[in-house]
Amino acid sequence: MPVTDARSPATGRRTPAEEAREPGGGLAVALWATLKRDLVLLMRRRSEVLNPLVFFALVITLFPIGISPDPQLLATIAPGLLWVAALLAALLSLDSLFRGDYDDGSLEQLLLTPQPLPMLALAKVAVHWLLTGLPLSLMAPVLGIMLSLPAGSYVTLAISLALGTASLSLIGAIGAALTVGLSRGGVLLSLLVLPLYIPVLIFGAGAVQAAILGDGAAAHLAILGALLALALMLAPWAMAASLRISING
Amino acid sequence: MWAFINKLRSPKWFYAIGARLQPFFWLAAVVLILVGTVWGLAFAPADYQQGNSFRIIYVHVPAAFLAQSIFVSMAVCGLVFMVWKIKVVDMAAAMMAPLGAAMTFVSLFSGAVWGVPTWGTWWMWDARLTSMLILLFLYLGVIALRGAFSSRDSASRAASVLAMVGVINIPIIKYSVDWWYTLHQPATFTITGRAAMPMEMWAPLLIMVMGFYSFFIAVTLMRTRSEILRRESNKRWVRDLATEER
Amino acid sequence: MPECALTLSLQARKLACERDDRWLFEDLDLDIHAGEIVRIEGPNGSGKTTLLKILSGQLADYQGELYWNGEPMRESRQAFLESLLYLGHAPGVKAALTPLENLAWYQALAGARGNEAARLAALESVGLVGFEDVPAGQLSAGQQRRVALARLELTPRPLWVLDEPFTAIDRDGVAALEERLVVHARAGGCVLVTTHHELRETAELRRVRLGRGGQPHAGH
C-alpha cells in the first residue's frame, strides 16, 4: 500500500478494511461494477437495445421485396442473408459503445484508473454482446422461417451467430475506439470494420450452409471459435491503445 | 542496429541519405521495368492455353505482390512508430498508403482486363481478386482514418494501430476467402495455379517484380523527403536549404 | 507536519508541447509538493488543460520528462494512478444513473466496494441531500459537478488535479470547495488546479503562469 494511504489527508472515515486493495480483489470489483453499470445503462434505454433487432427484421424483409418471394430462391440465399443482416445490425449499435462515455467525461476517468484498461474495455464489450449479439442470434431462427431456411440448420444458425457476433463485437469495438473522438465517426467506423468482418461472415454463413447440406458444420463452428479466441486475446489491447489515442486528440 | 534507429530519429539525416539513394532506385526501377516489359511483352513465349493475353501477368502479379508488401511495410512502420516514436517512419507509412492502394487497384484492373479474354467477363469473384478487393478496402480505411483526425500525432497513432490490426487480418482473410472460393466454385483453373512456368516466362516476371519494388522504394523516398520538408518547415535546416537553393 | 509530506512530489522537466504547429509551452520546469495548491494560470488557449492532461498522464504527445516521487513516470505510473484523482472539464457523471450509482462506480474503479453510508455522507458534504436517487440527467449542471466533487470526499487520494472545478458552482459551493482545497493541502495532500476564479490567497497557494508565446513563469 502506498505510504500516503494510511495517513491519507482527506477524511478519517475510511478504514483500511474498506479498501480491498489486494490487486486481484480490486480488479474483480472494478470489472463487476463496470459490467453492472453498462447493463443498467443499456436497460434504462430499452429502445436502444431493441433497435438492432428491429433493424435486423427490417433488412430481412427488404430482400424478398427487392429480389423475389419465391421460397426456393430464398431458401438458397437465406443463410447469407441472415448473416449479413445480423452483421449489419450488430455494426449499427457499435458506434455508441464508447461514445456516451466519451461525451460525458467518463472515458477520461476510465483511462486514469489503476485497473488495466483492456479488461475494463472487455467488460463493456461483453455487455454489448449480451444485449445485442445474443438477442440477434436468438431472433435469427424466427426470421429464418420467413426466409424458408431449410430444416436442420436453425440451431447451427443460432450458434454460429452467437459465436460470430461475439467476434464481431470485439473487432468492431476496436473500430469504435478508434473513431469515438471523431465527429462523424459512425460512417468511418463501418468502412474500417467491415473488411475485418469478412472471415467471420465466411465461416458463419458457411456453417449454416454446411448444416443444410448435412455435414461439416462442426468444422466451421470450430473455426468461428478459434477466431473468437484470437479476438479475445488481441482485441482488448488494441481497444485500450485506441481509446488512449482517441482521448489524446 | 540501434545506431541506425537513432539516426532515423533525425529527419534531417533521412533527408540527406534519401537524396543519395533516390537516383539509384529510380535508375533501377526504370531499367528493370523497361527490360521486363519488353522481354515479357515481346520476347517471352506465348502461353499454351491463353495465347498472348496471359502477358498481363507481367503487370498484374508485380502489382499484387507490391500491394500486399506495402501493407505489411505500413504495419511494420506503424509498429516501429508506436514503440520507438520515430517520426520519419510514420511519414513513410503515410506516403506508402496511397501507393499501396493504387497498386491494389492496378492489380484489380489488370485482373479484370485479364478476365475478359479468359472468362469472357469483366469481373469474377475468384479468391485472388476478392482478396485484392478486400485489401483495397483496408487501404482506404487506413487512409480515411489518418485523414479524419485533426491532431497529427493522434492520426499517426490511429493509422498505425489500424495497419497493425489489418496486417494480422490479411492472412486470415486470404485463408477464409480461399476456403470460401473452393467451397463454392468447382475447380476451374486459377490464375497462376498451374504447372511451374518455364524460365523464359518467369524471368521477365521476376525482373518486373524487382522493377516494381525499386519503383516503390524510389517513390516512397521521394515523397517521404518532401513530407519531411513540409513537417519540419519551421526548422532552421530546412530554411537554410531553401535559401541555399535559391 | 505529517510525514507523508516528504514523499509527495510531481515534477516536470523541460516539458514542451506542440499543437497544430504552435508551441504551447517549451522548456517548462514544474515542481509540485505536498501541502501546495498550485494554480495554473493563463489566457484562454494557453495550454492549461493540455498541461494538466500531460501531468496526469492522459496525453502522450509531449517532450520532456515527468517524475512522480522522484522516479520517472514511466516506472511509477501505477503508483501515480493510485495516488491521483483527476476531475476534468466534463464532470464524468452518467445522466442515466443516480448520483449514488455514479459514485459507486467510481469507488469500484478505485478497487473498493465501499458502502452506501459513505456515499451518502459524501453527497451530503457537497450539498446534494435529497437528490441521491434522482437520475443525474435531471440535475442542473452545477449539481452534476457537485456529484463529481463528491468523489474528493469519497476516494481519498493525495494528488488532486482539477480542471476548472468551479464551473457552474454557486457562491456557497465555491467557498466550500476553496476551503476543501486548503484543508487537503494542509493535511499533506497537493492540488493542481486551473480556474478562472480568483482563489483566496493562502500560504499554500502558488501560481504558475502560462503565457502567450509559451513563456511560463513560475512564482508566487
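For clarity, chains are labelled A, B and C in written order, and residue numbers in each chain start from 1.
The definition used in the following text is that contacts are C-beta pairs under 8 Å (C-beta built on N, C-alpha and C of every residue); 3 or more make two chains touch, one makes a residue touch a chain.
All figures in this text were calculated on a predicted structure; none of them were measured in a lab.
> For the chain pair with the highest number of C-beta contact pairs, give its two chain identifiers.
Chain pair with the maximum contact count: A-C.
> Of the other chains, whose C-alpha centre is the longest way from the centre of chain C?
It is B whose centre lies farthest from that of chain C.
> Pick the chain whose C-alpha centre of mass, unweighted, sits closest to the average of all protein C-alpha coordinates shown.
Smallest offset from the overall C-alpha mean is found for A.
> So how far apart, in whole Å, are chain A and chain C when each is placed at the average of its C-alpha atoms?
Roughly 34 Å, centre to centre.
> So what's the Cα centroid distance for chain B and chain C, whole Å?
48
> Two or more other chains touching the same residue: where does that happen in chain A?
In chain A, residues 248 touch at least two other chains, as defined above.
> Which chain C residues sit where two or more other chains touch them?
Only 60-61 qualify.
> Would you pick out the residues of chain B that each touch at least 2 other chains?
In chain B, residues 150-151, 153-154 touch at least two other chains, as defined above.
> Which residues, counting only chain C, touch chain A once they are in their complex?
Spelled out, the residues of chain C in touch with chain A are 2-4, 7-8, 56-61, 78-79, 81-84, 86, 88-97, 101, 104-106, 108-115, 118, 121, 152-153, 156-158, 183-184, 186-189.
> What part of chain B is in contact with chain A in the complex they form?
82, 134, 137-138, 140-141, 144-145, 148-151, 153-155, 157-158, 161-162, 164-166, 168-169, 172-173, 175-177, 179-180, 183
> Which residues of chain A touch chain B in the complex?
So the residues of chain A touching chain B come out as 174, 178-179, 181-182, 185, 188, 191-192, 194-196, 198-199, 202-203, 206, 227, 234, 238, 241-242, 245-246, 248-249.
> Can you list the residues on chain C that touch chain B in the complex?
19-21, 60-61
> Quick one: which bits of chain A touch chain C in the complex? Just the residue numbers, please.
Within the complex, chain A contacts chain C at residues 2-5, 7-11, 13-14, 18-21, 25-27, 29-30, 32-34, 37, 40-41, 44-45, 100, 103-106, 108-115, 244, 247-248.
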